Amino acid sequence: MNELSLFSVGISILEITYIIASVLFILGLKMLSHPLTARRGNIYAAIGMIMAIVATILFHQKEGKPIGNIGLIIGAIVVGTIIGWVIAKRVRMTAMPQLVSFFNGMGGAAAALISMMEFPHVSPELIAESGMSNGHVLAILLGLVIGTVSWAGSMIAFGKLDGWIGDLRVKAMKFVNLTILAVIVVLVAYIMTRDVQAASELTTFIYIIFAIAVVYGVLFVMPIGGADMPVVISLLNSFTGVAAAMGGFLYNNQAMLTGGILVGSAGTILTVLMCRAMNRSLLNVIVGVFGGGGKANTEEAGTVKEITVSDAAVLLSYSKKVVIVPGYGLAVAQAQHICHELDKLLEEKGVEVKYAIHPVAGRMPGHMNVLLAEADVPYEQLVESDEVNPDLPNTDVLVVIGANDVVNPAAEDDPSSPIYGMPIIKARDARNIIVMKRGMGKGYAAIENMLFFNSKTRMLFGDAKGTLQNLVNEVKAL
Amino acid sequence: MESILQFLLENKGAIFMVILSIFLGIEVISHVPAILHTPLMSGANAIHGVVIIGAIIVMGHAETTGAMILGFLAVVLGTLNVVGGFVVTDRMLEMFKKKK
Amino acid sequence: MNELSLFSVGISILEITYIIASVLFILGLKMLSHPLTARRGNIYAAIGMIMAIVATILFHQKEGKPIGNIGLIIGAIVVGTIIGWVIAKRVRMTAMPQLVSFFNGMGGAAAALISMMEFPHVSPELIAESGMSNGHVLAILLGLVIGTVSWAGSMIAFGKLDGWIGDLRVKAMKFVNLTILAVIVVLVAYIMTRDVQAASELTTFIYIIFAIAVVYGVLFVMPIGGADMPVVISLLNSFTGVAAAMGGFLYNNQAMLTGGILVGSAGTILTVLMCRAMNRSLLNVIVGVFGGGGKANTEEAGTVKEITVSDAAVLLSYSKKVVIVPGYGLAVAQAQHICHELDKLLEEKGVEVKYAIHPVAGRMPGHMNVLLAEADVPYEQLVESDEVNPDLPNTDVLVVIGANDVVNPAAEDDPSSPIYGMPIIKARDARNIIVMKRGMGKGYAAIENMLFFNSKTRMLFGDAKGTLQNLVNEVKAL
Amino acid sequence: MESILQFLLENKGAIFMVILSIFLGIEVISHVPAILHTPLMSGANAIHGVVIIGAIIVMGHAETTGAMILGFLAVVLGTLNVVGGFVVTDRMLEMFKKKK
């Protein structure tokens, strides 16, 4: 085999590896969307990724030149791997959404960097032939803009979820954002219509676009309510996918193209599905109507009745069937372990205890599952809302712990309510209802909850962790 | 007009591939249960870390010190995306598995 | 615009049209698999097809030459359209499966003809460069073999379903088939390893392969039980898809490639799904184990009790709830109209009548739906088996008309039965059961049915159409 | 070995397209209810009638009388597949629609 054919063998192996990697991405994504195969799917996708990376380092060639700086590249990969691994392993389970956002931002930044570095190197022959208005330049510019927006937006989302950035809601925001977007479009068009010898003459504009895209990313995410972040992260996720796909066009690279587009389209659908699970539209999330609307009939609310911890302990201990509805408050109070202690105590006394899991309880999908799994609550005790609802009339006590919107009967009764139509856990069907929360604070949707005023309801005020601790002590003492 | 047609013609393969991938992305995800939304989001996040390949290519052909610094950064960030993404997803899914 | 750019505009439009057609095929197939959108999906796919055809005639070029013989081509299309349309519109609803098989065969034949005509024209430059063993030749040969097998097989399937070809089951068949397949493979390899100047030197071999493929197609389908034909047709359908895709490779044609592969893969899955609905494996269908196996316990069967038509009429007229289970016998007897007359009569008397539709009742999926729709039975009266089963204990009379396997309790009771595990309509749960059939003949699976010996069951022997007519007369006379 | 790699390399676009289409075909069909099996089979049958395009191309460049006869036949058969397929599918689905 001569030099030339060795060369072409390398390229062939590289291209085939990319195709295999693409197939592994597709398979992985498919498997990720079924509970039983999800974990294996993640591993499949990871294998595809490793294959693509190794093959690129070994076999990639640009105008006949193989990959250089291999030491530095491997160094960078090692650094990235250590940092990424440690962060991913260390972080608390409840901080997962911001972590995903952080890693997403990294991908966006990488895409933007690639564009910035490739721009000055657009081949002069191409420019001589078809000017700056060619697919190559367009892919670079789109990669830059989308990657940058995704990076900046993800960082803000990260900050919000981590609690050190608040919401910024100004009336004019929408107008400002549209203007910035228009400026970006104009700049892109400007660059693409220039008559130059080499792209490097226009590098300054690249930095300008980068700066403006950063501003846009920040302003895009700033006004969105902190609790809507999972949806926004999913959206930014699909942005980064598209940015990666631009790189695929640029390098005529199958794996980047498929991987990027796949994530772009799957991410968009996932965003829509997440919105749907909350019974809202994507526009509604982005414009941020939530948290204010809904003229709940607070006037006629009536009074709430409290219950003491010892009475609650007695009521629970002498029940046959108890259903616990956990919500965001349980996560905030980090009360999952003590809650599981309570349910074990009750089960020892012969009480049947189930957890009713609402799909959007908490602040991310599956939040409650992750939380309770952390406390080792066995899977068989978790019941989905559709399943538990028909059973509630036979339930002696339903205990709401830090949940609010997901048990709000307004979703069924009040067509003017912003949550009207959302499927809920029909708490009021139970024989007795105990609600644990700190006070009369509202939930995420910021609307009144008539359940608290129901004649069957008793309130047990206080931080969920403390209250549950007291309850456990009382039950033990019985 | 003519040049747009020309562009479409030259890239018809890539364009069609993109269309197929979009369809496939939609089809593959459309039946996912709500409980898997977060891990799926995280897994997808890891997959777009494939951008690291671009970073490696750029870095592999960088010649000036400035380009090398930027390239190094790009590879580090891409790796963060890939490794962090897959590890975090696995951790989430491990929690779900623990169930039984 | 000069000549050259006009040329390239045409090509661009053609390629874009092919992409749009491909997308319409995908969309159409997707919509075809949901009840509400199915009909629109079919139309979408048809629009894609028309676009592709028109664009090909207008814009296709081969080495700069546009499509010639346009008059003849349009003539052929007109002839094909008229014949196809008339046959498709005229044929009885119950003859649908053989019709699909017929049209499928036409597609296979077209693919084979294309291969035969293209073979002598394989470009001599290509042969000079890489010999006969190139992708082009392979695509032609595969298209020829697969297309021919599909054509011959489909014609046999057509003949079997139409009743003028019987089953041929010889022990050695499997061996013969494998030998023929081996011969074909050898011939293909032989052609591809020849050292010739032009492919036309090898044309004779093409005809030999064609002839052998015809024999293979015939022998492949001959031994398969007539009632398994829907599965076989679905399989041959995916074959034709692959043959069409070979044409796509040959002409580097997007629409043919996507359309063909899509049908090839969807057809394969559909075949598997159809097998699964009958609780059998594809291999089992092809090798044809059915019809013989299953050592049903005929010995201890006991005796059957008959009922007279007038007693049956009384029983039905004074019931509150009647469920009719139609089966293959109803289709054979063409008794759907008189059956609907009976149910209308009973409904007038205040009896609630439902039809329980088993997914594989009859000889093609949806057979009963099509049959009853033909008799204008309103859709609301049709209930799927899963839905009807929980209701059967409250059903006064269940009337089985020409069904057998789909109500056979062996599927639940007898692990040694060939139908064990198949979901059935749990007829024996009903308060009374009337079974209409001609005698004690067995069903498609050729096994004994203990339901007929159940103490709640009464047999009403005779051809379904005649019996139902008598029943209608009696009920009217009451 | 080498020539196989070469072949794969040259046709990588088409090969990948085929893989994507296979996936898509599987995904699209996998949730079809049993009742639609027959119409779906028939609809798919009509779609592979796309082979008619090949027939038109062959016929459009046929020069000898023999080739013309065969080409004519191929176009007729292809048309039969297309027209018959779509019309029969529509008839079946019409029956289902009539329901209401």
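Labels for the chains are A, B, C and D, by order of writing; each one numbers its residues from 1.
Basically, a residue touches a chain if its C-beta (ideal position, glycine included) is under 8 Å from a C-beta of that chain, and two chains touch if they have at least 3 such contacts.
A quick note: this is a predicted structure, and the numbers were derived from the prediction, not measured.
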- Out of B-C and C-D, which chain pair has the most contact pairs? C-D
- Computing the C-alpha centre of each chain, which chain sits at the greatest distance from chain D? A
- Centroid distance [mean C-alpha coordinates] between chain D and chain A, Å: 41
- Message: Based only on mean CA positions, could you tell me how far chain C sits from chain D in angstrom?
- Response: 16
- Note on the structure: Between chain A and chain C, the Cα-mean centres are separated in Å by 45
- Message: Can you pull out the residues of chain A that are in contact with at least two other chains?
- Response: 26, 30, 258
- Message: Where in chain D do residues touch two or more of the other chains?
- Response: 16-17, 20-21, 23-24, 27-28, 31
- Message: Dump the list of chain pairs that touch, please.
- Response: A-B, A-D, B-C, B-D, C-D
- Query: Considering the complex alone, what residue numbers of chain A touch chain D?
  - Reply: 1, 5, 8-9, 11-13, 15-16, 19, 22-23, 26, 30, 254, 258
- Per the touch rule, the chain D residues reaching chain B in their complex are 13, 16-17, 20-21, 23-24, 27-28, 31
- Taking the complex as given, what residues does chain A use to touch chain B? 21, 25-26, 28-30, 32-35, 38-39, 41-43, 45-46, 49, 52-53, 56-57, 60, 62, 65-70, 72-73, 75-77, 79-81, 83-85, 87-89, 91, 93, 96-97, 99-100, 102-104, 106-107, 109-111, 113-114, 116-118, 130, 134-135, 230, 233-234, 237-238, 240-241, 243-245, 247, 249-253, 255-270, 273-274, 277, 357, 359-360, 364-367, 369-370, 373-374, 376, 378-379, 382
- Mind listing the chain B positions that touch chain C in their complex? 2, 5-6, 8-9, 12, 15-16, 19-20, 23, 27
- Contacts from chain B onto chain A in the complex sit at residues 3, 7, 11, 14, 17-18, 21-26, 28-62, 67-68, 70-100
